[in-house]
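Shared chain: chain A. Partners: chain B in the first complex, chain C in the second.
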Partner chain A sequence: MNATALAVLVYPLLSFLLLGLVWPLRQNGRLAGWISTLAAVASFLGSLRLLWKVLEGEGVGSATIPWLVADGKVIAELGIHVDGISASMLVVVTLVAACVQAYSLGYLADEPKADLGRYFTWHSLFIVAMGGLVLAPNLLQLFLAWELVGLCSYLLIGFYWRKPSAGRAAVKAFWVTKFADMGLLLGLIVLYATTGSFEWSTPVPAAWAVVVPALLFVGVMGKSAQVPLHIWLPDAMEGPTPVSALLHAATMVAAGVFLIVRAYPLFEAAPPLLLAMTWIGAVTALVAAVTAVVQDDIKKVLAYSTCSQLGFMIAALGSGQLMGGYFHLTTHAFFKALLFLGAGAAIHATHSNSIHQMGGLWRSTRFSAVLFIVGAAALAGIPGLAGFFSKDLILEELLHAGQYGPLAMLLLSAGLTAFYMTRVVAIAFFGPASEGAAHAHESPPSMLLPMTVLMVPAVLAGLAGPLFAGLWNQPYHFALTPVGGLATLAALSGIGLGVLRYGTRSWASPLPEGPRRFILSAPIDSFWLAAWQRGLQPVARGIGWVDRYVVDGLMNAVGWLFLLAGEKVRALQTGRAQDYVLGVLMGVLAVVAYGLVGAA
Partner chain B sequence: MIPGLEALALPLLLVALAVAVLAADLVVPWRAIEPSGGERRGLGALVAAGLLGALAATWWLPADVVAVGGAYIQDGFSLYMQRIVLAAGVLATLGSIDHVDTRFPGRQGEYYLMLLSSLVGMTVLAGARELILLVVAFELMGIPLYVLAAMQKRQAAGVEGALKLYLTGAASSVVMLYGLSFIFGITGTTSLTIIAQGLQAGAFQDPLLVLGLLLTLAGMGFKVGAVPFHMWVPDTYQGAPTPFVAFLSVAPKAAGFAAMIRLFVEGMGGMRDAWWPPVLVIGLATMLVGNVFAINQDNVKRLLAWSGIAHIGLLLIGFGLATVESLGILLFYLAAYVFTNMGAFLVAEVVGRDGDDSLVAWRGLARRHPGLGLAMLLFLLSLGGIPFAAGFWAKILLFWSFWQAGMGFIVLLGAVLAVLALFYYLRVGRSMFIDRSEAPAPKVGLPMSIAIGLCLAGVLGMGVYPRPFIELAMAAAAGLLGG
Partner chain C sequence: MNELLANGPGLGAWLSLAGLLFCIGTYGLLTRKNLVAVLCSLELMANAVNINLVAFSRFHGDELGQVFALFSIALTVAEVAVGLAIIILVYRQRQGIEIHELTDLRG
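Moving on to the complex of A and B:
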């Protein structure tokens, strides 16, 4: 077994067990935070070492142990699968996790100690789960870890459990992703039924070749927030901002993209599905980008932006270009985490989520403002920064695949992305001075340091393109082609429009009132609500009736019968020793009688 | 060196331990009448350590060696069974230390001596391949149990339970001996090996042999508590010292199954057609009766007694199938059952220390002592066969072997009864977790904590990673059937 890879999991696991089992340690929130953060840092160093080894060609391969045994064979294995993809993803996960945890020490310093202890316990568990997902050697382990990160997400969204809205958001996230996971689970079952294994490399019989990946993709749509299953992600912003940065921007939501990358042999065999993925991704990118434009809550803007960027990745994967999607996943993880942490700093300073309450923050919190703006520029696709390269790669790949419709939608989304980020920056940092910003203080170093660390890859990760291409064994050439030019043009015009619109009149609505209201009314949420109320509930009631009166009735009848029998037969147990011996003799007689009859 | 001595090393080790206990009890002035604050627990610790040593020794002892002209064999199967009874012995001793010290101080030597004597009988029984040795071992195992059941000699319930155990036991022994005399009469030998060879060669075609076989089966049914030889079980469990009941509920059962497997499968497997139908009927009846009677029990010890009978029913059918798989699963089931059932009884000992074994005493246990409540919940879930506790794998594998044998109806019946069983198990859970009580938290002494902790570790370990345990059990069964 690859000890380096295992070590990456072991540090956070130890931290989780320690915090989970040693109650006083957990109650002392700060100490718990330090333990968890140190474990995350150790894990990061371990994954760096692992990536280094993999780049040198060492330690690549799987190591598994048999887990479930049935029918005389091993039906499931657990283990680790190390290659360039998992090693690089691990670096991303652990780096962001370590930064986020360190940041949380400052950001959540005023929370009750016990809550803080729980928070870091779940964070440690999350790293273990996410690491298990990334290193999964087969789809079954990936699924297990997938559910585990979902659990962490649920627990962490509900961190402010005294707030009813946080509880509701946690439940909503849980239900929506669980709904999608039914697809994933069904896909796994069909996969096992048709191939007899949980490997992604075993080809599925032609009859099921589309069904299996399509079912898996339903799970991906839930986890990676694709329209129309994205509705949980904006609500998930009820969780603490560092959680949004780690789970709901950088790593967990990317698990869906990661699954497709891993199980690509299965997806590859289903061209119609790939086409659908491209379109779903493009639609998600555009719809979410439009929605982000009208949001006033800084975290909601970023949440929709995450949906939108995930749409970019899915579209890239659908067009058959793994590397572009995966590269964007990586760069996005860095700059979006940076943006969230920057937003957290602004929220920390002004005690409000609304960008209008942040107006003029540039004057009071200049350092974190710069960091946020760098992240925004990377997201918008300013040439030279991380987002530019990876987005450009996706667009190039779509062009090669001949997907002009999605390409146009993504170009438009890219422009909108630049526009809404400009809007946020213009209003929150340069807009008219607000009440909140007047009293704002710069964040403590414990928050600024992790942000600064994250800024480095947010700026430079784009240059790692050749490295990624090396991991995929693909040639990488970067050239400013017409598509790249168009994308840059879209970004610059988005920024220009934003500056024109908000440079002077910060309060202007980005869209006419009618469409703005329509988008803010969350039509897709309403659709699901109606589907739930009018479609699913009657069915559920019907099933509930059958369950209550037919199934339960049957069970109750059986139970009642046994209860009655239990009551009646009590008399047989008289408690008199004579009767007991009599019982023995009767039994003997019965057996002997049987013997005589049988022998005769 | 006497030939065969290495085969008898384990029983001899236990005898030596018993002698050491006897000597220590005579020499050291432990015999004060008043309960001690703990300084007189040394004897129990000595026994526990000795048994643990014996348990560890089973991994060093040679397999496939015989003694006394083949009457006793030490093979993989007997070693496996001996590990089970020794593990039960260790747990029971740890669980007994505080009980013995407070309830019958001054008679500890007696208690442990009896426990060890019974264990000697069990270990010999696991390797007995000769009818007379079988009977002797059976009685060596059984008679100390009568004494132990009556340890609380001033309590009517204890004496009553012990007397019932003794009377039914005596009647059963007579029946068994009668049956064995037929077997000896027809075959002319007491060696199971020779009988097996004879049956294979087609000899002994006599209906009286069938009669003898069935009488023996009836007699052995008592030892494992099968219906209709089960009636002593709840009364004895209720009256006897609880840590001892924990032992009684698993170790003699395991040893009984060992003897039955030796006699009926190894020795008289050639006559399975004759003994399998009654075993099936007895097994089904035992399952049904155990579950039905368990429903209305408000006394937790009685409830566990009836639930134990229900488990024995399942095991009897697994035994009757007599394939390598079903026997291997039976052996695994027994191991899981040791940890699960003993754990439950040991918690019952702690909770019912003031003499109240009814559900009332369990109210609010989860709040009063969360650790104990959680442990008991886990034991109950394991008894009920919920994943991922040891009992889950035991039950599902046993059902699987029934299914393989084409007995779907038993699987169905078992599934219905499993739901029913959850009902009465979770009644205890409800009492612990939902009902409230002002009673103080029960105190758990160190040896008892260790015992319950070991049970927990066993239940969880076998539940989460059952593979090595299953393989061990399968290997023992395969070795026996020459598979």
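Moving on to the complex of A and C:
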């Protein structure tokens, strides 16, 4: 099993090293792309084999090597931990990664060769890092991989580095997630200080039982874009669309959810935190869904939608059940990646991100339009498609936990989800014909093929419920309960409303002008900006003053003292030989006098 | 030989002579302005030491002291040669050999 699991990591690692070290290969963009894509495909096949073995009950367990050794004691280990969770997550990661890389070959075909080589190098590194995260045997390795995927995110958001806005977005994503990672790091330190290990399930002493998972959760909020730390994700859309699909929709942002699933024994010991998670998740789901409604940029709609769906997962995990959140993570990865790739196809065809510039795309790019609509239907929760099953499970778990407030918010979000996706589809594909769509051509096969591949799980992954139940050793049988009925009703009414409002090809504003402007002004971003300007900067200036005038002042005073002393002492050095002889004479006399006195 | 030892001046007298010479040399070393005079003062001091060596050798009956004094004289000759050479070079550079003018090492 170790060989199979390691192979999943080794192919992309080899690809990364090859592209990273052999620069002529990297400079030749397309070749680099093929190498990286083939490595991703090999990695996918390896992880399929791994999942197959695990399902047959083989090869579950971990293999580690000591990493940090101090005082003869192993502080942390590096290695791989294979079980149903990591094996299934690996399949998701590598499948989406392989599809996205193949898609990138077509989508980024016109980019400079050197940029393309760099792009695929980072992509290979990302697969290694994400695989290392998923297979991590302890929290420390997870943290290591966590930061590596964060680095890849930064590098890939800044792919269009000639655009200042892309650079700013990359820096913003980096800083916001790093800010949240302070919590994660602090949590790890407290965890090690109190338990002496980085294992998933070491019980933490009661006094720290809430603090440790709460600190870990701060990191999760940053990575998985929970309100109010979600502000980097919409800006991250400055990166190329395939990057958004892989990192900022399917895999990296789900790392936070994965962390909670993995370290659930820690979280389970802190019921107040679980309650807070449910509410934060529900608020995120609702706020992001409302924000998505007013966006005109197709990628921004999808970004807020990702935030919203991550809120669903976090809320579900807070309800005390793991399966719903994890199941939704996997189905969401497939259909959201498909949606992003579909959006990329539309952007590729019209050279614009605005849905109003895509009007009437249905006529020119029918095939990719169908794929996008399938993804949208899966996201909206049309019965039978992937999103329906996992969302239904989440809502039932919340009902089971008696969380009626968050449940209502999630139901509302589900309706809004259906509404904003209908709005996008109606305007972008069936809206008034636009100039952009008039010259649009269908995407090349290198883009359509990966999308078609992704469409299969986006439609069918919902049927994998029993498989996931097997991973958790839980009974699962799907039944259309009242909650499921309500969710379906919410989805259908959202679609109905959307069709009513936009089906007549009107350019109606989705919300009244006042609220719309308020939401578009990004109030939470403004809050953080103000907190930075009025809260953090004065503190930083104060610390800077102390450093400059107190700490440095002390150092300067010491230096100045010695300068002054030297200035005084130099008068002794007259440069005249006879003065020195006199000094020697005095010295000799002093020694003799001392000798006489000592002898007496 | 023994007669001289018995009737001549004693060890104290010789040491006093050497001490006197040494002090005169030191005074000259500290006060003379001319480099050649300073070198002469140094010579006086060296010879005071030689007198000590010879006197002790004589009164202890150990000839090694005289051998040592001979070595010392030979070395002093070399030293004077080098010293005079330096003085000539100083004169060539500065057209003067006043010791108080040589203050390049002032701090």
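Operating definition for what follows: the second predicted complex is superposed on the first by the 545 of 600 C-alpha atoms of A that agree within 3 Å, B and C clash if a C-alpha of one lies under 4 Å from a C-alpha of the other, contacts with A are read in each partner's own complex, and residues count from 1 in each chain.
Heads up, the rule we're going with is that contacts are C-beta pairs under 8 Å (C-beta built on N, C-alpha and C of every residue); 3 or more make two chains touch, one makes a residue touch a chain.
What you see is a predicted model; the values in this text were computed from it and never measured.
Once the two complexes are overlaid on the shared chain, A:Ser493 sits clear of chain B and of chain C alike.
When the two complexes are overlaid on their common chain A, residue A:Arg570 makes contact with chain B and with chain C alike.
After overlaying the two complexes on the shared chain, residue contacts for A:Leu596 are found with chain B alone; chain C is out of touch. Contacts of A:Met555 after superposition on the shared chain: chain B is touched, whereas chain C is not. In the superposed model, A:Val581 makes contact with both chain B and chain C. Here chain B and chain C are compared by how many residues of chain A each touches, and B touches more. 570, 573, 575, 577, 581, 585 are the residues of chain A that lie in the contact sets of both chain B and chain C, per the superposition on chain A. By the touch rule above, chain C contacts chain A in their complex via residues 26, 29-31, 99-100, 102-107. Every residue of chain B that touches chain A in the complex is listed here, in rising order: 160, 163-164, 167-168, 171-172, 175, 207, 210-211, 213-215, 217-218, 221-222, 227-229, 231-232, 234-235, 274, 277-278, 289, 291-296, 416, 419-420, 423, 467, 470.
Only residues 570-578, 581-582, 585 of chain A touch chain C when the two sit together in their complex. Partner chain B is touched in their complex by these residues of chain A: 66, 69, 555, 558-559, 562-563, 565-567, 569-570, 573, 575, 577, 579-581, 583-588, 590-592, 594-596, 598-600.
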